[in-house]
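Below are structures written as structure tokens.
You will see two complexes here that share chain A, one where it goes with chain B and one where it goes with chain C.
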Partner chain A sequence: MSASVLRVSDLAVGLHLPGREPRMLLDNVSLDLGKGEVLGLVGESGSGKSLFCRALVRLLPSENIRITEGRIMLGDRDLAKATEAEMLGVRGGRVGMIFQNPTSHLDPVMTIGDQLIEGIRYHQKLDGGAARREALAIARQVGFTEPERQLDSYAHEFSGGMRQRAMIGVALSCNPEILVADEPTTALDVTIQAQILQLLLDIRSERGLSIILITHDLGIVAQTCDRIAVMREGRIVEQGKKRDLLRSPAHSYTKALIGSHPSMPISAGEMTATPPSKAAATDKPLLEVEEVNVRFAGAGNLFGGRSGAVHAVADVSLKIMPGETVGIVGESGSGKSTLARAVLGLTPIASGNVTFDGTSLRHDRVAFLTRLRREAAMVFQDPYNALNPRLAIGQMLAEVLKVQARTPPDQIPTRVCELLDLVDLGHEFAGRRPRSMSGGQCQRAGIARALAVEPRLIIADESTAALDVTIQAQILDLFRVLKRKMNLTLLFIAHDLAIVRNLCDRVVVMRGGHIVEQGGSAQVFEHPADPYTQALIRAIPDIDPDKPLLPQAAREIA
Partner chain B sequence: MSVRALAVGRMGWRWRLGRQPALVIGATILTVFVVAALLAPYISPYDPIAQDIEFRLQNPSWAHPFGTDNFGRDVFSRVIWGARIDLQIALLGVIFPFVIGTLVGTVAGFFGGIVDALLMRLIDVILAFPFLVLVLSIIAILGPGLGSFYIAMALVGWVSYARLIRAHVLVLKNSDYAIAAVSLGFSRSRIMFRHLLPNAIAGSVVFSMSDAVLVLLNGAAISYLGLGVQPPIAEWGIMVAEGQPFITTAWWITLFPGLSIVMLAFGFSLFGDALGDALGVKE
Partner chain C sequence: MHRYKFVLYRPIQLLPVLFGISVVTFVLVRLIPGDPARVLLGARATPTAIANIRRQYGLDEPMWLQYFYFVKNLLSGEMGKSILYKIDVLKLIITRIEPTLVLVLASVTLSVLIAVPMAALAARNHGRFADHAVRIISTAGIGFPPFWLGLMLIILFSVTLGMFPVSGYGETLGEKIAHLVLPSVTIALSLSTVLTRSLRAAMVEGLRSDVATAARARGMPERVVFWRHVVPNSMVPTINLLAINIGWLIGGTVVIESVFAIPGIGQLLVRAIFSRDYMVVQGVAMMLACATVLINLIADIVTVAADPRVKL
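Right after this comes the complex of A and B.
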């Protein structure tokens, strides 16, 4: 790549609260971005990667956060010292930004076309007709299939992937030299993610854009970037060419990040620790799902007619043996979470039957539910939403123990401590509330609550999706350990195939409410039979840059 | 806790109060009225209902700071004693609707379906009538008096609380912790009252403060119309009504009880705002 377009040297950003010592949020950050280069900025939440990007365009979140040192050279202009008026031309015009959540960054009361035209008129000074033509060209470039019609649509009429395309279009409408993409695909399904990443690369080669791609997923970086910078606690701990850095990371944190990436094969020790379904053939299944259907009624109209009923789960049959770990994968809307809730009796089923260890939902609903409530538990996706914000962790656990009434009242405090030990939380967490805890700690508390039931079956619904990679790896380890210690049966629902591959003995792939494929993990991942499964697997960004993200995988499904 | 930590804690407390003038002023006003009401027998200079025809319609003076009314009663003493009645009106006029509305709203939101539909239609019916008309008709049926007023407020006022709580419960019952509670075999009443209600109630607590203002004004209005507190008991609404014929010659009879109503309402309002900030309620 040729000369650098952006040169950041010794950038420091500090939080200056009146009457307190300033706290450094970014320290000594130096980066170069070449023309047409894609730079991956990797780090976990709180590492300062988003703040860095906001500092580039001087949109810092608070007046108390200021650039204290360093230079941001864009061409021959130092943005750290530019006036606010100069910055107006830079923002959008020279540095464009796209964000994780397009819904909140697109104007809901403006058509997509108007939002594109606004940028074109302001930054490129074109008049109405020319701007409209340019907007159409951009819409085509970002992959709108019917640009004429879609330009007159509003953001809410689009799917998540289309919205992200629209936001990229809005950024392009200002014709920037640099595009800063802050976790642009985190909220998207893998196949859509592959499409969006491919789109960014296409735009790069068509327009000669330089891109800073912020992400927590090393797989994405490995697939798309030329160079990688790893951030931690406001510093860049390591940067270098993608292949060099991935092959021989120098810093211990980079090594940990690479090691915890779910596409890395797990070590042999862990493999043997969970022998795949040891007694599957002899035992009868712990959980048996027979031709279950779940339908949600559509919105009724004024005359009572119901239209657009959703068939969320269609004729799903599934057997889970005691001690087995089964993963259910699928994209959003595939019905995997609905299936989990139906199995637990939390969502009524339209037809079919669920049998838990010989007790049938069909034959004796009350007995079935009673057994489930005492022998099965659920772990949720959003660790904060899953815990009652008004209860301390100890109170929460004690309540479960009290209601389940298997622990004598005087033993409850001891048992609470045992549960905290099981999930590696210190006893002081008994007195803490979710608000004062990190996401990973909340998730551990959520698992402790599930364990309080002394369950035989745990259903984990996207339980690691909201966590950082290293925390994710810790929680997965915890699941492995608990499974071994307590002989749990685990039904693990995820959209992240790599996680399922590492954790589960058996995989069930769902799409549109149907099971499209099921079988042993190794078999499904290495020799997927169904075309959808094949495409899904190929869309996983692998940490090995030589296993390319196949764009046709994404296109096949689109 | 070490001495140092204590000192820091206290500084933090003062600092926070200093940042919330609304809370300080509101709480001060409410405290003044509550103290006045509690200590009425000791701090009021005269008997509030003792008539003294010789000294009727006296200007405010050192002997009678707020003057005297047309029966020669000391307005200052009557305002202090009136605080007892008016605080009671604000308190009881809010508590009954609050409790009823909270229960109904929680049940309606939690169970949904036909229960919810029936309760919501009942609320629509009540809301279809102008508030005061409904209150006045109920009092007219039951006969004048404070008891009737409280019953009328309870029967009519709960609807706002029910709708507020229901909306929160509807959202919260789909939260993961509510679903977790179901999956752990918790009983319905435990989920409703231990898990949903405490998280849903903050908005209603704040609303109850502004509602207290309305109840207070309504109570005063009802008394003014002769349907609430009966003479000669000292109550600000009646005092305003009784002073009305003399407004051009003896303004103090109406001014001071009127000001008291405004001040107390102001206190509730400020305190409610501050409470909303403290509980993190966004309106």
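Right after this comes the complex of A and C.
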């Protein structure tokens, strides 16, 4: 790697509240970025990796957070000491940033073209026709298919992947040398993620950019980066060349990160701990879905008739045996969540039938829903929003137990403690509110609430999608243990195939409302029959850098 | 252009509104004790004279028949005849509409011109002195009733300083403007406080938004971040607030026109109610209903133009 373009040495950033000891948020961070290099900055939420990037361009989130020490050398200029006027030229013009959520970072009331032209005018000093031509060139470079038309579109008219392309384009419009990408693909489907990562690599080689890629997913780093730095609690715990670091991590935290990556094969011990359920052929399925169809009416108005109805779930049939764990995977819009809602009676089905332990939705809707609501429970994606912020965890569990009326009132406190034990939360959590708890703890509380009804079926809708990898691994472990202990039947909905692979006995792959493939986990993942499943599996960023991502496959199905 | 299609069918929604308004005002004015003929002719009028007037204006017919004629006239574009002024209600409204229209337009423009800089000043100095000052002023402003504010302005600028006429409306353009300055300022001061508070809140939020962060990360100076990215995004919620307030304002001109003795719609309405001039009250009410619907339609058009995400 040639000379460094950015050299950070001993950077310290502290929170200075009046009348209090300053608290160090970043401590002694030293990092070099070579020209044309892709540096992966890995860490979990709260590790300080986003703060580090904002400190680079001195856009700290509050006036109380200040750089206290260290140097940020961009060429021969120290950004830690540069004037605010100099920083205006550096931000965007030399260091560009792209963010996790393009929807909130793109201006919703300005066309994409105008946002591109704004950067071109400021940093490249082009105007009028020349600026427009440059904007078109950038739009083409980031993969707009009809740049002429798309420049006049607004962000909300784009899909998630296109929005991220637009945001990369807006960053490029300032013509930077360094691109800082903060979790650029976390909100995207795997196949789109593969495309965006490939796009970043392409513009790196076309423009000679250096990239700092922040992510929590070691798989992404393994696939795209040259060098890796691991961050934890405001410090770099380890950095080095990608292969060296992945092959022989020195720090225990790095080892834990690598071990909890979902693409790692689970150990043999765990495998025997969760034997694929041997449901006898004579067993009746606990949940049976027969040729269910769900349609949503298209938006209509007084004069314009109904524009095409959306067929969200089409002829889906599914059997889930007692004690079985079934994963439904698919990208956003595949109908997997709609199917779950339809099964729970939350969305009306157009045709077909759902049977829960012999009670049919078709024949006796009321009885079906009553049974389902007593014997099935749901665990949601966002652990914070799914819990009532005003109730302590103990109160929340007690409320469920009271409504359920199976536990005598005097035994409710004991039962609450039992539930907390089940999800590995200490008894003191009974008195705590969601706000004072971490995401993982909230999700455990959410699972405890689901268990409070003593369900026979748990439907988990993207229950680990919002969590950090190590926490994700813990929650998945918890599901495994609970399954074994309580003979739970689990319907696990996820967009992350690796998670499903590790947890589920059977996998159902959905696309566009249809089931494209279903079968045993091992079989589907080892020998996928359907081309879509094959492409999906190939798009998972594997932690092994020698198993390259295949964006071509992703493009085929996009 | 399909986003603007609502402009075509919105007038259809006006029909049930107008029907409701016509029934309510028709019944309400007749519920006020007192007889228009007696008010017109005075306390010592003979029963025969009163009966004559009542017959002349159709007031001796049964209620339902009067309503039927009222609607029938409306459909043929007439609002009946004023008992007091003896001319067609529509013509009467037209002669009185100018001062009201100018007053409303001037005060709305003025209040936007006050509110935007005030809110911008406060938001860009969030938590500092200018912000607190603006917040105190605008909170205090909500507390001052417009009629009191109007009287204070008259005492200060007309009586003491002699800069503006005390009341009334002029003949020439210069006179008209001079007469409308104080009433417009009175309304604008009240209206701008509400707008300032709403705009300031939206701008403070906008300055903290991801859009602003992203613009700063592209090296945009704070001035550009604010005026090009934050302000357009903050306008949207305030547009509807403004529309609601203009609707309220049209009713509010009754008070201001009385304070400043401006011969506008508000004053016409007050006098019509006191003299039980049924036709005029009905006509003005119908007109105000139409104006309110129209203003909301304009607000919707502006919203759709300002925010490409909105579909109506």
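The rule is simple: the second predicted complex is superposed on the first by the 553 of 558 C-alpha atoms of A that agree within 3 Å, B and C clash if a C-alpha of one lies under 4 Å from a C-alpha of the other, contacts with A are read in each partner's own complex, and residues count from 1 in each chain.
In this text, contacts are C-beta pairs under 8 Å (C-beta built on N, C-alpha and C of every residue); 3 or more make two chains touch, one makes a residue touch a chain.
Note that the structure is predicted; figures quoted are calculated from it, not measured.
With chain A as the common reference, chain B sits beside chain C without any clash. In the superposition on chain A, A:N487 makes contact with neither chain B nor chain C.
In the superposition on chain A, contact of A:Q381 is made with chain B only, not with chain C.
Of the two partner chains, chain C is the only one touched by A:E118; chain B is not.
In the superposition on chain A, A:V403 makes contact with chain B only, while chain C stays out of contact range. Using CA centres, the angle subtended at chain A by chain B and chain C is 30 degrees, rounded to a multiple of 10. Between chain B and chain C, it is C that contacts the larger number of residues in chain A.
By the touch criterion stated above, A:Q411 is placed in contact with neither chain B nor chain C. Once chain A of one complex is fitted onto chain A of the other, the partner contacts of A:S351 are absent, as it touches neither chain B nor chain C.
With both structures placed on the common chain, the touch criterion links A:C174 to chain C but leaves chain B unconnected. After superposing the two complexes on their shared chain, the closest approach between C-alpha atoms of chain B and chain C is 7 Å.
Chain B makes touch with chain A in their complex at residues 175-177, 179-187, 190, 194-195, 198-199. Residue ranges on chain A touching chain B, taken from their complex, read 341, 344, 346, 370, 372-374, 376-378, 380-382, 385-390, 399-400, 403-404, 446, 449, 452-453. The part of chain A that touches chain C in the complex is made up of residues 57, 59, 87-93, 96-97, 99, 101, 104-110, 118-119, 122-123, 154, 156-157, 167, 170-171, 173-174, 301-304.
Residue ranges on chain C touching chain A, taken from their complex, read 2, 5, 8-9, 209-211, 213-221, 228-229, 232-233, 236, 306-309.
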